[in-house]
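In this document, chain identifiers A, B, C and D correspond to the written order of the chains, with residue numbering beginning at 1 in each.
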């Protein structure tokens, strides 16, 4: 968490060469892909790992006594070690594989929410959550009688810490679920501090690291997070795979969620018993190939190193903020001190969708809309924003293309 | 630079998107419905007043969203004026074909006001912007309350 | 459903050439892969489709206004059309994407089970279900107060139809969930008949097609199934993707399960509204690449055709039954009239695990154990069986290698 | 054909797997526990009787499963006889190393009875068969009731 962006030099050309898709042309124009916060592109290492498994070493896992099954099990389970290392988890049994962040949060909302929280207890989320970290808690509220409390944000787009702390006053809060980095504003939340406040008030805490882990080294033990979740496809990995980290004693105390093969210890019609964690939470044939792909992504990230990534992205973000802010009529949304490579903006006289359509004609991919964060949009008094987001492969020159093109978009709608 | 997008963002669309002529709430109405496109956040509400012969006497709308959806709503009001609910459904089916393909072999003359949207078919993810007000209108005519252009 | 196995000639050599993995050697021996019922190998077409997406056309879907997102959305949504066609569903909105069969059944157990069934109503399963189709109904029983009833099987390993019918006598049965083909015994269940009986008694029915759809053409409209589920990885597709078919009016009546992005129509803290089916059940970023891979698998299956597949597999199964039954001390488990390409067996004086280990040394991959069907094992009075299962690429020569090697295994444990 | 697997399926393993010497329920016992390997269905139960000095006086077991797990249980009974619970845990740690690597640098002499299982490390998915009875034994010594070799 303490990577001060240093000026490590990333060889961006060499990195870009590892992403075949970046060489694509869109309607004859070079692709300028500024939508990595929605989902990142996949490096050769990830593609090769998946192809290698399908071509040379594949079978169903965990229950097989033959060579292919043993090798595939080893490859898949190696991802658990890699994920534990990436997060600095104390124990590989604390890594549960899920489809994506959304499933991870639903799992906790179900198993911890219905299994451990009592009706009348409260769950705290923030005013800048993704729908994935709102709707499951709403559904829990409606089904289980918990309360849902919203920690407000400041106008700069930062978590309002005193207001957050005040939510604990009545001692009812059992769980906090908060983003580690906003997918709209780019703001980081001060994770250590909000964890401390939650713990000081006897509440457990889940951090949504979907965005943060792409840009910063995460240490769940240093953070003392109870749950930490992320989604593989934003971390240059395949779709269909994500990670729920949970402290072992919490996972052990939680009832299972889905039932089926692999999550049981024994089955009889009267009563079944559950496998140990993490298998208790992994029912059915897992996303084997996707796990193998995620391992390649994690190793690829580790080889580059978070120091280099953070330095590169900090430079990109500074450049992006400078270039975009200079455009007349353009408003950057969110001015947090501590922020990552995501810039949302609006433009006078042009709706975000229209901006995105025009940029697309120039080969530039940005996102436009509510970014699955409608309540945040309402808080900001907006309907939608356009959003440019950066990955390891993004170059300052691409940001210049964006800024130059936005000037023309502005003219167009003049 | 953006010469080619003038087919969609033509003078009519820009004008109607910016200064819609029929964007108003009807105080005296028979049916109303909302429409939303959950994927992007566009919203529209439509109010309809029938004439004694069950044709549409007046339509008003309120929209938040892009130029395309506002212009589409504004033009729609003109296209459906004087038509029955049945007719309006036929008009929508024809407009859907126009929006999705750029062609409209059996477009009634009544659909002429929608012609400025013909190029939207080249922008597949924007087709829903153009059809959203129609979904809301049809929901109103069916007295359904809500529609979505998913 | 009425594919009488005809003598369509499959060019097996050409088919095998499409599976790079089949050329692998295991400890110097040719791989003889007889574990397709656990998970099938992947043809070149599936590998290429996934690589093609990652290399040339990838972005997050549904919410994007740019070229990459539009193209990826089209590719992913085309899978829904293909799955609807494969099942002969009336409407593409009846296809819900899930991770696997296990998730599909859990979804129905949750949303239909808790949402529609009333405490005191009963769920019927059979005595030859996979754990995936037992545990979710047990968990529903324990959480929701439904009853769990078991339809017995005959000693031949067929569903006992009169006994099944008798379970409906008190009018309490609300839902039946039954396999369409046993993964242990190879038995098909007479789906039309059990659907009719369920419907005649006012119950809805889910068919677990995990095994059946690999071998036979499925027509959900002809079957009049309310729910039909299958898992992509057994159908030559990627892991991480499966299909829940549900009749539209049922899906529409069911509350959502997981909350998050993509499954909502609007979100506010007080109240959110849900997207239309199938999106209501698809929260979060889906398994995009896996969906694209599944489409390739479906198209590949369709190109070969179920007539040819069924004829090939019927011939293999006949051959396998003849060769294995001729081995002294070997008992084939399950003698259903209508059966598919799965043969379970035991051998005197040799435990299934030991058989599997020895076969593995000869390059032959079979499965051994309870096959995620412990209650069925108990019904059969067994601890475990060894199981050989066939795919499109299996050859009679491979079955001969199995039989010849089993003779030597027998000698070894003499 | 199967010459190479004789390293694992050697004469001792085959004999002990077929005709275990200690496979019996103890009627007079101090602690007992079950162990199961959920992935394959092997099950074992272990009963232990302590001597007055807290060393293991007698161990019995019941097992259903493969030759490897039965032979391992049978040999284990001999290896742990006369040892304290503490000692037994150390023995298990050493056996785990043996089973996983084939090497056992600090194997006490007490582990000699387990040597016939040394080759199991070449059969990674069978290691759990060999360690299952030990997991059950340790659960019994800790009075835990249940163990799993997942």
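The definition used in the following text is that a contact is a pair of C-beta atoms (placed from the backbone, for glycine too) under 8 Å apart; a residue touches a chain by one contact, two chains touch by 3 or more.
Since the structure is predicted, the reported quantities are computational estimates derived from the model, not experimental observations.
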Geometric centre distance via CA averages, chain D-chain A, whole Å: 45
Chain A-chain B separation of Cα centroids, rounded to whole Å: 37
Chain centre separation in whole Å, for chain D relative to chain B (CA means): 76
Multi-partner residues of chain A (at least 2 other chains): 63-65, 69, 264, 266, 353, 357, 368-369, 374
Multi-partner residues of chain B (at least 2 other chains): 39-40, 126
Overall pattern in which the protein chains touch one another (line/ring/star/complete/other): other
Touching chain combinations (by label order): A-B, A-C, A-D, B-C, C-D
Chain C residues within the chain D interface of the complex: 351-354, 357-358, 361-362, 368-370, 374, 377, 383-384, 405, 408-409, 412-413
Parts of chain D lying in touch with chain C, wherever the complex brings them together: 1-2, 4-5, 8-9, 14, 39-42, 64-68, 123, 126, 129
Complex contact set, residues of chain A against chain D: 62-65, 69-70, 73-74, 264-266, 275-276, 279
Chain B to chain C touching residues, read off their complex: 36, 38-40, 124-126, 148, 150
Touching residues on chain A, where the partner in the complex is chain C: 20-21, 24, 26-27, 31, 33, 35, 38-39, 41-42, 46-47, 50-51, 54-60, 63-69, 99-103, 105-106, 109, 130-132, 134-136, 138-139, 148, 150, 231, 233, 238-241, 256-264, 266-269, 271-272, 283-290, 353, 356-357, 359-360, 363-369, 372, 374-375, 378
